[in-house]
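The structures considered in this document are given below.
Each of the two complexes below includes chain A, the first together with chain B, the second together with chain C.
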Partner chain A sequence: MPVKTLTIDGQLITSPRDQTVLDAARGHGIKIPTLCHLDGVSEVGACRLCLVEIAGSNKLVPSCLTQVAEGMNVTTNSPRLQDYRKMIVELLFAERNHVCSVCVANGHCELQELAVAVGMDHVRFEYQFPQLPVDVSHDQFGLDHNRCVMCTRCVRVCDEIEGAHTWDVSGRGHNARVITDLNQPWGDAESCTSCGKCVQACPTGALFRQGATVAEMQKDKEKLGSLMQAREKKQWVV
Partner chain B sequence: MELTELHQIAEHERAQQKPVRIRCCAAAGCVSSGSLAVKQAFDRAIAEQGLSDRVQACSVGCLRLCCAGPLVQMDPSLELYEEVTPEQVPSLVASLLPAAAPPLSAPGASPGIPSAKRGDPQAPFFTRQMPIVLENSGIIEPERIESYIAAGGYRALHHAIREMSPAQVVECITRSGLRGRGGGGYPTGVKWSLVAKMPGQRKFIVCNADEGDPGAFMDRSVLESDPHRVLEGMAIAACAVGATQGYIYVRGEYPLAIHRLEVAIKQAKKLGLLGAGIFDSPLNFRIDLRIGAGAFVCGEETALIESIEGRRGMPQVRPPYPAEKGLWDCPTLINNVETFANIAPIINKGAEWFAGIGTAKSKGTKVFALAGKIRHTGLVEVPMGMTLNAIVEELGGGAPNGGTIKAVQTGGPSGGCIPASLLDTPVDYESLQALGSIMGSGGMIVMDQTTNMVEVAKFFMEFCMDESCGKCIPCRAGTVQMYRLLSRIVAGDASPAEVKQLEMLCDMVKHTSLCGLGQSAPNPVLSTLRYFRPEYDRALKNGRIALPLR
Partner chain C sequence: MGRLKFATVWLGGCSGCHMSFLDLDEWLIELAQHVDVVFSPLADVKEYPDNVDLVLVEGAVANDENLDMIRKVRARTKTLIALGDCAITGNVTALRNPLGVALEVLRPVYGENYPNEPRIVPVLLDRVLAVHEVVPVDHYVPGCPPPASRIKAVLQALLEGKAPALEGNEIRFG
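Up next, the complex of A and B:
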């Protein structure tokens, strides 16, 4: 297999040539924080948490969308990158109402894990406390906009894996929201197959299975993984 | 269509023209101040005074001095009249009659109606301009293709198709040194050669006419005044890179420009200048319009592509660049309106001629829209390298009512404020960037001593916050926080620590945002912090922000 040789954080690495920097790093145990990335669906490069420095370029690049190249010298964790990541996570916490103590995903939340990983001890920015609705019109699932981080993983998983394209985004800027069908209540969305992949894909407690209470929701990350394996490698695991 | 037919149309058109032509500005600025009624009044007065054989009134494109509309210019005398009202028209027409024999029926200057205000076509505002992009603007009739052909139109397209190979066209544009006029300043020839080199039969040409910077109206004026010039530029590009389909992405807020483009495309198709077998060559090229729905971010090329494809207009990560994978993953050439408008003259007059204008690295001219606290609001086209001072003081006439100019904002929400002390800087891509601003698409907002620079920064930040698409976190959430901090500073509630936080956010948003909109959103704040720091400090010290010295 043709490979590329590159350096990530001082570590010499060989990686298949069609890999992204993110995959190459993870394959060698180098952690790069991500939020909008989800194995098996397309990349959008929106969360900006996986930005890395590449020697010889003054631009930061998203590692999830950058292909490895021969001789590339990547830094994933400089003080500057750490600063930026911390600010980005703080911005997310200030943007909507992320109150872990009343959240179904408490303890199993990627945003919470990120906050720990980037060393966030408090939020320096003013909390926006927007008034946001909760949609529990679906018989099995619920959508809480207060906890949504607009990673659009639900949008992509529904479109690309389930093929239903129930989810999309409406509005722009800080008024952007994930919506079902033509901005109808989820329960009225005819395209929804109730497969629950979006709930599995959601990094926070924004999409949840009804009936769970605080800290009770654990996502089955294996489920999406085995689906992906079945689709891409034609290997079915029972 | 053959070259001889083109010449016939031009000759026929010239033969039809009356010895005296009254050019009435029919671009959006003058239309909004009532120029259509003025044109009708001229038509009536000419008929009433029996001058139809010698005099004609025509609707032309922008006459540039937008603040004094409706504008009327006499051809060939070039007398200019400002703020013309329909009541003044009969006496204006009467003045065209030979003084010796005023017909009795001619209603002269009626009492009570002030005679039309004379403008000065010899003012520096006009004489220091160098019209290339705007050379036909205010002269030809934008809704008549014959008028454009009579002015030499579509000759360059014929030349490019019949006398040059595609590679020669690309090479000619490269040698001319033309750079993208949308703001980035990427060498146009390089972009063309990238698309030309890409394999594949399906390629696209896109004209970005989604001009959205506050205070910018250059592209609108070009489209309203000389739409065929843009079509010709696009067709030459199609011939050079091997594209068969073009789109003009024009913002929905420009109904007149859309109408004129529709008319122009229809006329060009009818004459075989667009469509199948242009000039009886194998070149097929059609152009369709796509109307923007009001999102500023759709001016960003990857978002524009998404929008044309019918999806939500959100920027995508580059690379791949549109030249490689653009519309429907095909190689796509995206240029701005003004860039395409420069193409035909370069082909006609040669790359050397164009490269002889401007500075070492920035060639040709640039159209600027002068707005804000300036006496002569309007459009100017000046050679690159002219100083900002010359533009605002000599052409623009300085600040009105005896004011002094404090700063000039270029590049819209992506640009910065340049203080009066640095206005001796020549206008070119690199110098403006060194000052923390950008050339941008050409909006130039002039501010006088009464302007509060922190409020300017707040205004632009609010714009960026509202126009952020919401895809990436730094821009979506960062602009909200920066706007809040600026509001607090303006209100006099902020602490020095909050200004520090603002600077920190600016740095983060600039370096981590996904697209140009986010990356440049902090520029107005950074440049005002750089040059007008005392205003921020005063706001902190005094609690309430102090009004600047009057």
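Up next, the complex of A and C:
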């Protein structure tokens, strides 16, 4: 197997040449925070949390979309990166209505975990408090736009693993929303197979099982990775 | 160090943070060796005094009374701690913010007979504010409510003259 040799945080690493910097780092126990990354689906580089520094360039690059290269020298956790990561998490909290104490995902939420990881004890930016709808037209699941961080993991898991492509994104920037079918209520979306993979893929309480109350919505994203492993490598993990 | 002048303040919150403070149980007796409680909803004092050393502020700034109070508290206190998610982010108290200004929240609930007696019932602000949006805050203690152990860690550090440094799970919201 052709390999590349590179340095990550001062550690000399040998990695398969088609790996991303994120995978190479994780393979060697170096933690880089992520939010839009989900094992088993394609990368979009949307959340910018996995940005890293590469020696010789002033640009920060998303490690999930950067291929390893020979002699590359990567820094994953400089003070500059820590500052930006904290700022990104604060901006996510300020953008929609994230109220941990009354959320179905309280205690099981990747956004809440990230706030802990980046050391956020308050938010320096003004909360936007947008008025956003909740869609509970589906008979098993619900969508709360207040808690959505636009990671698009639901969109990718539905398209790439389930093959239904019920989810997509409408609007741009601040007005972007995840939608089902032709921007109609989830319950009316005929392409939805009700498989629930989107609910498992969602990092926050935005997609939830109906009937779950505060702190009850636990997710199992490992299952999605196992599905991909079974399909691509014919390895079945129970 | 002499005895600290210590206060606790209850703005727009459910008093859960104060309940959590009381959960310090026997450590409150230890605390009482080092502080004089000069103002608190748990003490019968009408006016917030001058030259307070340390205050715990629970709740968000939700009405004109909260607004006057927090400005007075800041002006008269050396170290101000935002206690709990409502003080830090607005949290449950700010759930009304996306619904619009105060009247848009009051009318659907009370109809045209909504409470409107300016010097008797505090007037709601159009937007619930976090404490640090109104006055500078020195330390933040997240949690809904913050567990007693977290409050203790912060108070203990301050009593020893150190800056409190909550980290890891000790800064978890919710």
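Everything below uses one rule, namely that the second predicted complex is superposed on the first by the 238 of 238 C-alpha atoms of A that agree within 3 Å, B and C clash if a C-alpha of one lies under 4 Å from a C-alpha of the other, contacts with A are read in each partner's own complex, and residues count from 1 in each chain.
The criterion applied here is as follows: contacts are C-beta pairs under 8 Å (C-beta built on N, C-alpha and C of every residue); 3 or more make two chains touch, one makes a residue touch a chain.
What you see is a predicted model, and the numbers here were worked out from it, not measured in a lab.
Residue contacts after overlaying the shared chain place A:Tyr127 against chain C, while chain B stays out of touching range. When the two structures are aligned on the shared chain, A:Gln112 is found in touch with chain C, with no touch to chain B.
When the two structures are aligned on the shared chain, A:Gly56 is found in touch with neither chain B nor chain C.
Of the two partners, chain B and chain C, it is B that touches more residues of chain A. By the document's definition of touching, of the two partners only chain B reaches A:Leu92; chain C does not.
In the superposition on chain A, contact of A:Ser101 is made with chain C only, not with chain B. By the touch criterion defined above, A:Gly10 reaches neither chain B nor chain C. Common to the chain B-facing and chain C-facing surfaces of chain A are residues 126. On chain A, the positions that touch chain C within their shared complex are 93, 97, 99-103, 106-107, 112, 115-116, 119-123, 126-127, 129-132, 146, 215.
On the side of chain C, the complex with chain A involves touching residues 82, 85, 88-92, 94-95, 97-100, 127, 130, 132-133, 137, 140, 142, 144, 166-169, 171-174. Remark: chain A residues 43-48, 51, 60, 62, 65, 83-84, 87-88, 91-92, 94-95, 124-126, 128, 149-150, 168-169, 171-176 touch chain B in the complex. Taken together, the chain B residues at the contact with chain A in this complex read 295, 297, 312, 316-317, 465-474, 476-481, 484, 501, 504-505, 508, 511-514.
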